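Labels run A, B, C and D following the written order; every chain starts at residue 1.
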Amino acid sequence: MIKFYSGNIACAEGAIAAGCRFFAGYPITPSTEIAEHMALRLPQVGGIFIQMEDELASMAAILGASWGGMKAMTATSGPGLSLMQENIGLGAMTETPCVVVDVQRAGPSTGMPTLIGQADVMQARWGSHGDYEIIALSPSSPQECFDLTIKSFNLAEEYRVPVILLMDESVSHMSEKVIIPPKEKIKIVERKKPKVKPSEYLPFKADDYVPPMACAGEGYAVHVTGLTHDEKGYPQATSPEVQEKLVRRLCDKIRKNERKLRDIEEFEMEDAKLAIVSFGTTARSCKAAVKRARKRGYKVGLIRLRTIWPFADEYFEKIANEIKQFVVVEVNYGQIKLEVERCVGKKVHLLPKMGGEIHKPEEIYKKIKEVYNGN
Amino acid sequence: MKYWVKEELKPPHGKVYIIKDRCKGCGFCIDFCPQQVLQESEEFNAKGYHPPKLVENEKKCIGCGFCSLVCPEFAIYIEKEEEKND
Amino acid sequence: MEIEAETHPLDKYLRTDRIPHIWCPGCGLGTVLNCFLHALEESDIDLKNLAIVSGIGCTGRVAGYLNVDSYHTTHGRAIPFATGLKLANPKLKVVVFSGDGDLFAIGGNHFIHAARRNIDMTVICVNNYNYGMTGGQLGPTTPLEAKTTTSPYGNVEHPFNLCHVAAASGAVYVARWTALHVRRLKESMKEALNKKGFTFIEVIASCPTTYGRRNKMPTGLDTMRYYKEKSVIKHGIDPSEADIEIGGDIIVGKFVDIEKPTFDEILKKLEEKIK
Amino acid sequence: MRKEIKFSGFGGQGIVLMGNIAARASAIYDGKNAIFTPSYGPEARGGAASSNVVISDDEIDYPYVTEPDVLVAMSQEAYEKYAPMLKDGGLLIIDEDLVKLKNGEGKVAKVPATKIAESLGKRIVANIVMLGFFTAVTKLISYEAIKKAVLESVPPKFKELNEEALDKGYERGKKVKDGKNGKMA
C-alpha cells in the first residue's frame, strides 16, 4: 500500500502497525499531529488514547500501561522530553519497554517551537540522572518515520528499555510517499515472558542481560521499584554490591549489543577520503552535497546514523585511519561531533546550525571543498 | 427468638495471639483495648521492645479484634473462642 | 495467658520476607496497612488482579510490603502510572497508596485530573502532616502554625483540606478517618474497593518521629489519644466544612458517595459508537 | 529533473491543501518523487500563507523550495513576499483579480480563480480552480493524477463541486497554454 504521509502521521501509523495500543501525551509543537492521529486511530483498533495533564504524567502513564501489558508510546518535543526525564530513568531502572518520540525543535527553552532543531541528542542520552543506557533512532524521511517507529517498539520489547525516536521538525512535517508493507511482512517483536512458576520466578534475574517480564494480573506478584533492587525486585538501597550488579547489567545489555543495534547508511563511502557524518533531515542535504562533490571528483562519502544511541564507537574506531577527515553536519553546536571525535581520536570538523533551518546543499558542498583542499 | 436473647447474654471470648518479635512497643493495643486486658510485659523482645501480655484476668477479652486492627506491626491477633452454652 | 505465635493469619497478603517494615514505632502507617489487609480479607477481591501503586516517601513503601503486583514509582507520579496500568488492563483493581506530600504537592496536579476523569482506582492518602522520610519538612497539609524543620517558627501556609480537594475535583467516594478509627477505616476501604470510579480515602496518621515530637505529641500514642479526644464523626457533610486546624475538631466520616460513569466506561461506549 | 513549486495566498484559501494535493497526485498517481512541506505555525495564521512542493524523477534529497520554478500567488501580500524568490525564467501564476502585478515580471499566467469559484457558488473552491489551471499550464502533473488526488481529499457531498472547479480551471489553463486567450506573457 502506498500512502502520502507526513513524518508525524507515518510515525503514528508505524506505532499502530507495531502493535502500540496505548498512547498518553500532552500537546506540544511540532509533535502534536502524532497525538491527534493516535486519538483518531487508537479507538478504531481497540486501543486507548489519553491526553494527560502534562508530560510527566504522560511518561508515567506509558510505563504503567506497559506493565499493564500493552505496548505504549508518548510523543513530545524538547521541553516535554525535559519533563519526562525522571520517569525515563524509572523506565530504564525498571526495564519497562516503551517508546518516546521526540520531535526536535530549536532550543534552549521555548526556542523556536515551529522550526527544526537537532540539539536533543545529548538530552536523549543523558537526560535522566544516574548511569543508564538507552536506545535512540533517527529517521530522515516519512518512510523511515514509519519503519523506525516499528523498530523502536521491537527494540523496546527486546531490550526492555525506553527507546527514543529522535525525529526533527522537518521530517515530521514533510509529506512524502510511504510504502506500508502488508501486515504479515512486518516483523513484530514481543517481550519475553517467564516460563517458570511464580514461586520460582526472579523478575530481575537475566540469563542474557534481559529478564523475562511478568505484567500485572499474570499471577506473579512482582514488585517493581525505582530503588536499587535485587533479582527478586526487592529494594536493596544500601548495598553497593547490588547496585554494581544491577547498573552494570542495565548498561551492558545495550553496550554489549552495540554492533547488533548499529544502523548506519553509508553512501559513496567505498573510496572516500572525507566523510560527512549526519542524521535526520539534515542528512538529506548532505547527500545532495556529496552527489555534487562526487561529480566534481571529490572522494567524499556520507555516514548517516539511523541509530544514534548506543553510539557506533567500534565502527568509527575502525574507519578512523582510512578516512582522512570527518565533517559532522548537524543542527546543533556539535553534539554528535563530540562523539565522533571521541571515537576517531583526531580533530573532527563541524558544520553546525543553531536551529530554525537545515543546511542547504551548497553550504555543505562549500565546506567539503574547504576541508578537502585543506583551506 | 427466645433462644436468641439467652445466647447473646453470654459474653463472647477471644484468645489473644502475640508475635512478640514483631512488636515495636507503640502501646496502641494496650491503650485502646476496650476491655483493658493487655499490659506491657517486662521481657524484652529481639529488638529490645516490651511486647504486650495479658493482664491477670484474661477472661475479659471479648474477641473484638481492635488490637488486631490497630497494631502497626501485624504482631497481634485474636481468635474468637466458640460460643458454647455449657 | 496470651499465646505466642510465629505467623499472623494475614501474612498471606504480605511479603513476610520484608517484615518488619521500615516504619518507626508508633507510626500510623502500619495501622493503615493493617486495616487494608483486613479489608482485603473481608472483600471479594481477586488478589491476582490487585495492583498497588505508590509514589515516594514513607507511605510509598506500602507497595513493597504487599504480596501482589506492586509498583513503587517516582515522587508524585503514582497516579498517572496507575492510570496507565488500569487503562491497559481493565481487569485490575488498582489501589494507589501514598502520602500527603507525594499526592498533593509534587503530584497534586495528577490527583485532580485523575479525579476529574473519574479513572477507576482507589487512592488512599496517609496524611501525617509532613514529609517524614526526608526528616519532617512542611507539606501541603501541615496545619497553620505547626512546627516542622522548614517552619521552625510555625507554618505560615494554609493547608489543603484533602477531602474538599477530592470532592471538588470529582471523586465519587470521599471519606476521612484517623488511624484510630480502624473499624470504620476498614469498612470505608471495603466500600471504596467495591465501588467503580475514583474513590478517595484520607487517613490522618501519626508521625511521632518527625512531626509529633515538634508538636507536643512525642509518641504515636500521644497522637492517637489526641485523635480520640478531637475526632467528630459527621457523615455526609460538605467536605468544605471539614478544614483541619491545630487544636480544632478533626471532622471525619464519609462525605461523598455518588455515581458517575468512569473514563473506561465512556471510552468503551465511544468504541462501540465508532465501530 | 527537479521542479520546485510554491503555492501562496492568505490564510483560509486552502493554500496548504493545494500543495498537499499537488504533491500527492505526483507521488501516488504519477509515480514520481514528490515532497510537500507546509509553512507552519504562527506564521501560517493570517497573513501570507504558503505551501511548497518539490517534484522530481530522481530521489529528492533537499526537501525545501528555495527558488521556485513555479510560484502560484493568490494574494497581493503573497505575491510581493515570494515573487523575488522566483527562479530566473520561472513561471508566475496569479489570481488576476487579487494580484496587481508590478513591473519587470517574466512569464505570467493569469486566471480569475476566485471569480470562477464564485460563479460555481462556492468561493472556497478557488484553490481547486487554481490547481486545475496550474495543472494545464505547467503540465508538471497529469490531469488524471490531480483529479484523483482532489477527489480523495474532499468530503463525498462536495466531490461534484470540486470536480467542476478543477475542470473549469483546467479548461481555462489549456486555453492559456494554447495562447487562445493570449494571457501567458
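The rule we apply is simple: contacts are C-beta pairs under 8 Å (C-beta built on N, C-alpha and C of every residue); 3 or more make two chains touch, one makes a residue touch a chain.
Because the structure is predicted, anything quoted here is derived from the model rather than measured.
Note on chain placement: the centre of chain A and the centre of chain B lie 60 Å apart, centres being C-alpha means. Taking the mean of the C-alpha atoms as each chain's centre, chain B and chain D sit 88 Å apart. In this assembly, the C-alpha centroid of chain C lies 62 Å from the C-alpha centroid of chain D. Separating the centre of chain A from that of chain C, both taken as means of CA atoms, is a distance of 38 Å. Under the stated contact rule, the graph of chain-to-chain touches is a line, running from one end chain to the other without closing. By the document's touch criterion, interfaces exist between A-C, A-D, B-C. For chain C in complex with chain B, the touching residues are 1-11, 14, 19-21, 23-31, 33-35, 37-38, 179-180, 182-183, 186, 219-221, 224-225, 228. Put simply, chain A touches chain C in their complex at residues 21-22, 24, 43-44, 46, 48, 50, 52-54, 56-58, 60-70, 72, 86-87, 89-90, 215-217, 219-227, 234-235. Across the interface of their complex, chain A is touched by residues 20, 23-24, 27-28, 33-38, 40-43, 60-64, 66 of chain D.
Touching chain A in their complex are the following residues of chain C: 15, 17-18, 47-49, 51, 53, 63-64, 67-74, 76-77, 79-89, 91-92, 109-110, 113, 263, 267, 270-271, 274.
Only residues 15-20, 22, 24-28, 31-32, 47, 49, 52-54, 58, 66, 68-75, 77 of chain B touch chain C when the two sit together in their complex.
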